[in-house]
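Structure in structure tokens, see below.
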Amino acid sequence: MSEQDQITTDPTKPAQRMRAGSMTISATPWIIAAVLLIAMPYLFPSRSALTIMNQMSITIVFALAYNMLLGQGGMLSFGHAVYMGVGGFVAVHVMNLISDTGAPFPMPFLPIVGGLFGMGLAMIVGSFSTRSAGTVFAMISLGVGELIAACSVIIVVFFGGEEGVSGYRDEGLPFFGFDFAQQIEVYYLIAAWLMISALLMYLYSRTPIGRMANAVRDNPERAEFLGYSARWVRYYSFAASGFFAGIAGGLFAINYEILTEENLNTASSGVILLVTFLGGVGFFFGPIIGAIAFTLLQTVLSLHTELWAFYAGVLFVATVMFFPGGLAGLIMMHVPVFQIGKAKQLVLPYFKTLIPGAVAVLGVSALVEMTFHYRHAATGDNEMTVFWTTFDSHAILPWVIALVVTFGALYLTRLNAPSLREAWAEANTPDGGAA
Amino acid sequence: MDLILVNIIDGLVTGLLLFMLSAGLTLIFSMMGVLNFAHASFYMLGAYFAYQISLALGFWMGLLIAPLIVGVMGAGVERYGLRRVHQYGHVPELIFTFGLALLIEELVQFIWGKNQMPYQVPDVLNFTAFAIAGNSIPAYKIFMIFISVAIFIGLLYVLTRTRVGMIIQAALSYPRTVESLGHNVPLIFMGVFGVGTALAGVAGVIAGPVLGTFPGMAFVLGSIVFVTIVIGGLGSLWGALVASLLIGWVTTFAKSYNIAMSDILNGIGFSTPENLSDSLWRDLWTVTSPQIADILPYILMVLILIFRPYGLFGKRDA
Amino acid sequence: MTAALELSGLRKSFGKTEIIRGVDLAIGQNERHAIIGPNGAGKSTLFNLITGRFPQTSGHIRLHGQDLAGKAPYEINRMGLSRSFQITNIFPKMTVFENVRCSLLWSMGYKYNFWSMVSKSRALTDGADQILEQINLTARRDLPAGVLSYAEQRALEIGITIAGGADVIMLDEPTAGMSHSETDYIVDLIRKVTENKTLIMVEHDMGVVFGLADQISVLVYGEIIATGRPEDVRANSKVQEAYLGEALEAEH
């Protein structure tokens, strides 16, 4: 393992920062986040922006909950959507109960109900699934996930069959005068829960059980010889993760007012794995970045291309193969460079390599789009638009242009890559001695 | 009685098909410790390739060539993908194969679109082999049984009787020792991965015409295959065989005999509630065995894991 | 006074092969006891039986008079027995400090606590820093444990083993693979940290064994052929014949 890998996968950096500095230093990111969350609706007041931000916040809570398992506990789940989903379904049922009986229950407390039921389910499943981590755990999570997803068409009373269960969020007891009929009110409700749950999850990772989750992840046998049962440590992580996943489910219920089979199935579980891994499992803030990046990417790409799932798949596989630390890992790789004070030396090499690289990626995606259009468009419909340019996908010229641009850019990238590598090594070497 | 015989044959076909997938999967797992999530995707690729080849060269060439292509692709995935990810540890390996499964599904949609392909049973085999009490048994089913059994015997022969098989068996337990004896273990790994995926390819070629060749086919069968090897015990070839047949028969029988839950509940002394449609338990009362046939394997898996965590034939915890 | 650790009629078979063939041994409080023997004698198996890594076939293991049958490793650890491993077994991705802090958690009564912050506990931080001081790794405090040198990792391993305050310490070949100077360093360290504790160790280096141990047991083919003070064991003809003679020769 090289020095670089250790930096990207080192989960202990936040701990150091916290110990080294006073409380004010570690509180800064949280204050910035809170201010940003409050200010966002003023910066982006449109309805669609609010929709995206709500979706983003819910995904962040879920991804952070998922990373309690994957990043901190070393447990890979292929069926985590069911804990969010079941939490959400219960929340909708409670919402309907409020509507039907007029029970005085304010909406902002609904996610707690979702959380408790998510945790309850996790406690049942965890009782047999946390015996081991690794492959067996992954398989059980998949099997249980499939089982519950399949139940959704059978247990119609609870899951509502094909059409799901829906409710109304604005019939609860008003909370300081808000009834959450307006989207902006829902935004602040979700944002508040995002802050609360993120902070709680962060603090959880600083508790004895949170620290032992890391120890069990790295070396379960050694942890047993320190007095901790690896299985119980995993069980606690699993239950806690189920709780916060359920909270995300409750938020989903409030935001969308409907839950369906889609909230439970393996595709949803796969998406949250993708989001978390893309962001980076080694750092607490990784899933946050992942959720933001993924939601934006999904929104933008799905507007412009039918193939967005294909691109997401490519991105996922590429991340696993080449950047196992995810986006957070990439960011944290640069910390030593800044500490040494040589970050400036990297600007030019980055420009020289990454711009042709970006052009090459766009070129390849243009070729992919053209191939897809050539193969699948209705006969006679030869016209297509890529990157604001409309042309005939059956003509030669566009293909020649796309190929030349792509391969030219690829060539430039390869040409400049060695100098970037050199600059990187140089920037990581402190003056006057080896690293 | 006659219906039972028909169901036994149907269940056997499903079970053997499952076994062709689970055999390769379990072989790869016990050798490399990697659970190949994309295994069923290679099965799908087998079906699609065979369809494409059958358009030009006919079914039989498809049966011959498609598994070869799939095997080569599998070996390539091991060589250029898995081996690279291996250094990061087990969890990233699993995530990699999961990502690959997503990617292959998208790729298939990209090339062939979302619709089912008109991949058909070849005319030579498109007749009724025999009939049992009015239930006709198509010749193609007999052909499927024949192919699967032949492959199983071949696999058993290679593993237990040939030199390569000996080396593979030794490499299963002592990869280091085998490597120090001068055998190229990475090459063996690549080979096993290739053969395992090629087996999945064969399964795809022969299952495509009956189960349908569509982008979701990997997913439909994939999770059942994982359940199979968990039930059988991770890494056990015999366990995979027994579990495959078990699942094949259980699901087939559950589908063909319409057993209603209300009958069972009445049978053990519960009486049906008067106003069933208002009852919270109505779904439990109205459920029938064909409805839950597809989730029976999952229920079976959960039960097995609770009472026998290593599966039916599993020895060690992976 | 009950022995710190008492083995009686202990047997272990793997399949048809009997590896431990009836071991009886009593190790007193505050004794430094070394178990020696040729390769394949079953020393590591004995260690693994005592620490609950796998169950014995028959016989009894008693820690402070309490039977350990059927206890999981973590339960045995909570009863006051701690062990190190032959192959370095630390938490490589966590910092050195954090390695030690984790090993303090249970003994400081935190159990499965999820409501207090580890960094807020003065006792925890000071305790971990004290251990670091003892094993001379204060300078490495905030490095990931995986990047330490081999000898430093072995020292950390010992630190983790003693941190929990167990009074019976078992070390499995603590000096394996070390140079002479590193060995001297570790021996001093072991002497220092096992003051007023019961030490049981498996060791191949006779210099270390005779320098540290009050009592020595010789294990050959799953049986203890001699137990006694170092000079007695050295003089024992059975031991000389079976093992020690050639090992002593190799030493000089």
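For clarity, chains are labelled A, B and C in written order, and residue numbers in each chain start from 1.
The rule we apply is simple: a residue touches a chain if its C-beta (ideal position, glycine included) is under 8 Å from a C-beta of that chain, and two chains touch if they have at least 3 such contacts.
Everything quoted here is computed from the prediction, not taken from an experiment.
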item	value
Nearest-to-centre chain - CA centroid comparison	A
Greatest separation from chain A - chain, by CA centre	C
For chain A paired with chain C, centre-to-centre distance based on mean C-alpha positions, whole Å	44
Centre-of-Cα separation between chain B and chain A, whole angstrom	31
Separation of mean Cα positions, chain C and chain B [Å, integer]	48
Chain B, residues touching no fewer than two other chains	none
Sites on chain A at which at least two other chains make contact	1
In the complex with chain A, residue positions of chain C that touch it	51, 72-74, 77-78, 82-83, 85, 89-95, 98, 101-103, 105-107, 110-119, 142, 144, 146-147, 160, 164
Residues on chain A engaged by chain C in the complex (per definition of touch)	1, 6, 9-12, 15-16, 18-19, 203-204, 206-212, 214-215, 218-219, 221-230, 232-233, 236, 240
Residues of chain B touching chain A in the complex	29, 33, 35, 81, 84-85, 87-88, 90-92, 94-96, 98-100, 102-103, 105-107, 109-111, 113, 219, 223, 226-227, 230, 234, 280, 282-283, 287, 291-292, 294-295, 298-299, 301-302, 305-306, 309, 317-318
In the complex with chain B, residue positions of chain A that touch it	1, 70, 74, 76, 78, 128-129, 131-132, 134-136, 138-140, 142-144, 146-147, 150-151, 154-157, 266, 270, 273-274, 277, 307, 309-310, 312-314, 316-317, 320-321, 324, 368, 372, 375-376
